[in-house]
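Following this message is one structure expressed as structure tokens.
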């Protein structure tokens, strides 16, 4: 199993989620993060002072999948989340040793 | 060492934390996440419009533990966080190559 | 490649980020987390009731790096984030199997 | 549980209190001269612009009697009463914020709705029946409730003096011999706002677990069965407590005591919130709460200084008596905010913003019954005491382990009672209290407190019991954990 | 699209409506006696303290004629009008919160700025030219617009009665024969606030996508070209709709109908928000919205009860008529909040807080034109209907699929129209409506509605068309997704 | 540092300014005729309902002298002053929001508490001693401070005219010969609110680092030693600046200049926030700040239009002069909001909501001393200038690198000074300024500014120095980083 972590642009969340559902992914965990990268932030004005907001709001998705699904999931995310402009984000693939469903105690691929 | 990542129902946080403390776990890192899974969200009403809120608020706990503690921790979380109803969450076990305590520079199991 | 996860004190974020930039790290993903550990929280007063707030606000940084950079990054974070007082935080090193840049489809070290 | 024991002992005290009430009810003939005597003494620096003999008139004149002088509109008084009415209305959103900021995020809307929906329900109830029950002529001459002659605000718009050829609006009739007056509709609206806010105060005890439908029915029943009669007793010239000379300038017994004690009764049936007291239930948005405090203080100037209109010793709504009530309404909360804050500073080590704000509200509650009866110095003392007493009031909660979520009883019940009694101690303007040598007034105040409290307790017990057995008071445990916003109203306060 | 079709049919109705207008314009000579007759009948329980013969004076007295009686300052009336002016001003921040809480977080400041900047732009415009266009003597005797004699509030501070040796402020001139009056400056300020808020209401339709620069220009043009003439038509004694006897107590047609219908026109050019209606666009901060409702209700007492000053049948701003308007302004929103809430409860299964709040606003809108003309009972009926009609109004949006973000048309357009027509049905105080046997009044109301609506539609169409072709109405799609706060104002609402 | 140099030069200017003061102090005999002459000219369109000869009376009548006419309560004036007092009180929560929204989340409560606790401390201080120091008869005839005769508001409730048999409240005594008046208690309360808010304004400079205990002591000392004397100088008929003819309608020098300049002095000891100016310190909740702007504007109508009561040329609180002050208080902030916004648009590329809001406050500050003395046109010019000058004022901060967190000096210090001086330029109503040919008035204004500024600087220096050496002004660095809410008050603003 792998844990796929994808950093994407917030407004793509709904589309990506729907696409993953379509290819059979049933569970996703999402959090709001701030990204620093090549994409530059904006400036803000307050009482004559200008602040550069150097982080960009991003969405982090975590998806545990069995090995055979990895490439399909990565591909899907890539296709949908891509706008072609800087700041589209990253996908990281992390080895996952075990997964447990708390409700039933199921383990491994059954759990996800 | 392993990094244990548990997605649980928010109102179980306090209980789980206390139980982990009891079995000797001293450090935990927690964040608020949104879960998509089998459990379905609720609908909201605004001016005649109905929106389906399809994510469920969840808590993500991250706990770095030495190998021998893994099963005990997993068991504890499972026992306490379980309500038996859909949406109880998952536990993921990720390999951890190294851990460092910033304050002292200690490494490995000493650091956690 | 490794995924470096660092839990640090919030007010150190800017310094650490700048230091990492200097050693050539271009991308970082940051989130707000709550830490439970040796450092103790504060109490709050509300209408005669006292609540102990037992979590401490922390910042979690995630940085994907190629293997050769790992030690440099860990060192940098350690140096900058260290105050010497309890609660300075942890650095975790997790194996990373693959990284993908969504915009271009680049893989591996090129992607980060 | 402890709480039920507590209630039982309250009931006992109440019963004991009913004896002297019955006894004194006999001597109501004597009451009128007592009052007018108090007014005639030069020591009572009254605000009446009319000579003393006429000042006694209100008590005598039956409302059916045609006016002796043609009432003339006083635009200044009317302007002030229009404003005061609007100010009291604003207190209700103020209360919604005060309460709403103190609950957990998942219940903010449901808590605010408790106040808002009271504006809706009581707003309609008051027009249909409430004003008539409170301020129409007495139903049966016993001073217990008004008749139905003013249902639908009937008769508040009529030609009053057709004979003289001038078309006129009905003016406020309590003081038919006064040369200046306000339209009765304005008075009716001013009183409407009082009815709205009183029941909303109770909701503080129910927050975070009450069923919305049950709450709505409660609002309607409580206002009709508890508030309307109490208002008649105390503020209508024919009410039995009014005739007995009980002093309640702007609602210490009618508003605060009655709502606070009813909150306690409701709690006995409702029970504690899930997780109380172990779970951390910190206020989710204190800036909203502080804004609420600000709006409450602002609106309270209308509440107290506007009440000069019902004072026995004044002809002017916007005159010296209003000035005095305004003054004490500035002093007491300022002093109470400080005393609560300092008590907390000493007791717990830090002065909290919520503590200061709560003290301000406590000061406002305590000065309410006394606002136009006491001198600035007395207001200062009452204010300091208010902060300390109500701070103590919320500490009791931790002892007795009942769960008055937002301290409706701790602040309004205790503060209202304390204020009503202190009025009997400190009164010097237009009435005399204990310190001015009139021990009888203090006794009258005690009777009023016990009578109003007893009545509120008994009727609320019945209402709550019935609701509990029928609709049910409380949401499911699961729904409570999910939050009332989602489960009762299908929405969430914030989407940030 | 459907929306354009809808607009086309509105235009048709409007054109059809212009025929009777033209026809009835001929009989304007007859209108005056009609009004004075209505006043003379005893059935019309009017508030005039002056005998009936003098009550007809306002219609006759040309503003240039020297006053017959030396005006005397009435401090009570002045106090109430000062307060009312401040209250109406407060409605604008209230509206900013009401609207601001309902948008997504990324647009909260831009939405609030729509209301705030209207205070700036219209505040200056009103002083420079607006007041004169609205309330100066008629430009050409056709009752269409004021002349330039009061530009820069010229002449509102002068010695009025130098002969008698006393130095005096100009008093409000509509009723020169009244013995009590207020300084005209106060009247000018009261009306200034109405102008500010009216255009701000429209912004609800534009939220989350309009370009800030285009909005600013729109505010200036719309106020000058649409609002100022309409105010002259309806509220100036020389305005053609005033002379025709159209009833609009506090702005049903001038304020709500005109802004609501103009919002709809603007939408036809502006288009839907990106993602509408599939994306979830839940209100980001409902406690702010509820606070906004509270401030709006509070301020609306100034809006409606303050408007007794322009009523034909009163000499007193702070008198019985104000009391009546205050009363109906309490009743209708209370009832409408409940009826909307209950409709939603039945229709969707849950009573939402936003629903109750929206109902309150709907009730306020509907009662506005009728506030001083109807009895409490009628206000109750109108309130209940208001909640239902406007709830229906927002459901239509889902059907027709236009994107009126915050329901400026659904609440103000539909509610304003409904209220103006119902005034012709329920009026019994100082005028008579259909139910009192005067079908003609209903016809007059329909004419006023059609005329004001048609005028607003046509002129707004032109303004919007021009702006669309020049500055452009809408921000770039990317900017819209990023949020207007960041892209139009370079700031963000929250940094938490 | 630069800041200390800056202060030193201010001191120098001040010293230089003292020379002409001393010089002109000699000619105070001449001042009175100058004023009365101005009033007598027909050009000065004054609001006095009394003939000119009597208008000069206030300056003559000693407060101990029995009144020549029996004062009669004017309910309209009283109503307006009651409302104005409440409005000014509401400005303080308004300020709490305005400031509270601008700080970082961790300091929101502590910042709001700075305003709220000022209500508590000054509320009590005013009653005990403050009112007497400010408005009791002169202590030693030098016009510097009041005596102790009104301690505890003593004597404000007495029978005033026992001889005639009527019982009466003391009325406002400045104008004993006026036939209409308000209860002195109402005047005392109105002034209480001014004292509260003035010191709260200073807190803007201290936000996010001051020690709460030190702040509380500062509030008490500053109000007693700086504010009370200044109020006596400028607003009491016996004050030396009042006698000299300095114009300050509603507090340009007494309130804004004094608080702004004191803020600057405090800063010299307090130092910058940790991380300033490199760290991003963006406002955490701008909707709260905008709401604060709305409440401030609303309340400011009481602040300015209520101040007609202290004007030399009026007998009516709710009359033409109030109307004029209301008008200018609408115009100036509207214009200033726009001019600040446009300046920013041009200068930084975007018009920010905070910019517009700050402009509104700047406009309110600048028009305050002039509100009842200038025509609408002048208000427009002053408003436009206000936005530009204060926008410049905050840019200076970036240059001089002091850390006035929320621009207490930049807006109130600079705006107040500018407004006071401009009053000497534009005054035409009830007084004449430079443009009306009276250069002397401008000189008088400069003297008042320099005198008030110098006095505030010197006394604040001493207070701050003492506090710094004893309690210490500033929290520990660690506490500052953790936030004042947690470390000073043991609570947190939000738990969301």
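Just so it is clear, A, B, C, D, E and F label the chains in written order, and each chain counts residues from 1 on its own.
Quick note on the criterion: contacts are C-beta pairs under 8 Å (C-beta built on N, C-alpha and C of every residue); 3 or more make two chains touch, one makes a residue touch a chain.
Because the structure is a prediction, the values reported are computed rather than measured.
Contact with chain C and chain E alike is made by A, B, D, F.
Within the contact network of the assembly, the step distance from chain C to chain D comes to 1. Least step count on the touch graph, chain B to chain E: 1.
The pair from B-E, C-F or A-E that reproduces the interface of C-D, where over half of the contact pairs by residue number are the same, turns out to be B-E.
Computed from the mean C-alpha positions, the centre of chain A lies at a distance of 55 Å from the centre of chain F. In this assembly, the C-alpha centroid of chain A lies 18 Å from the C-alpha centroid of chain B.
Between chain D and chain F the centroid-to-centroid distance comes to 35 Å (mean Cα coordinates, whole Å).
Annotation: 49 Å between the Cα-based centres of chain B and chain D.
Annotation for chain D: residues 74-77, 79-80, 83, 282-283, 285, 291, 348, 350, 352, 354, 489-492, 494, 496 touch two or more other chains.
Under the contact definition stated at the top, the residues of chain C that touch 2 or more other chains are 31, 44-46, 53, 94-95.
Chains touching one another, given as pairs, are A-B, A-C, A-E, A-F, B-C, B-D, B-E, C-D, C-F, D-E, D-F, E-F. Only residues 11, 14, 42-46, 53 of chain A touch chain E when the two sit together in their complex. Residues 277, 280-283, 344, 348, 350, 352, 354-355, 358, 391, 394-395, 397-398, 407 of chain F touch chain A in their complex. By the touch criterion stated above, chain E contacts chain F in their complex at residues 73-80, 82-83, 85-86, 89-90, 92-94, 96-97, 100, 108-110, 112-113, 116-117, 119-124, 127-128, 152-153, 156-159, 162, 165-170, 182-186, 188-189, 192, 212, 285, 288, 291, 485, 488-496. By the touch criterion given at the top, residues 3, 17, 26-31, 64, 94-103, 105, 111-112 of chain B touch chain C in their complex. Those residues of chain F lying in contact with chain E across their complex are 42, 45-49, 51, 74-77, 79-80, 83, 87, 104-105, 180, 282-287, 290-291, 293-295, 297-298, 301-302, 305, 316-324, 326-327, 330-331, 333-335, 337-338, 341, 348-354, 356-357, 359-360, 375-377, 380, 429, 494, 496.
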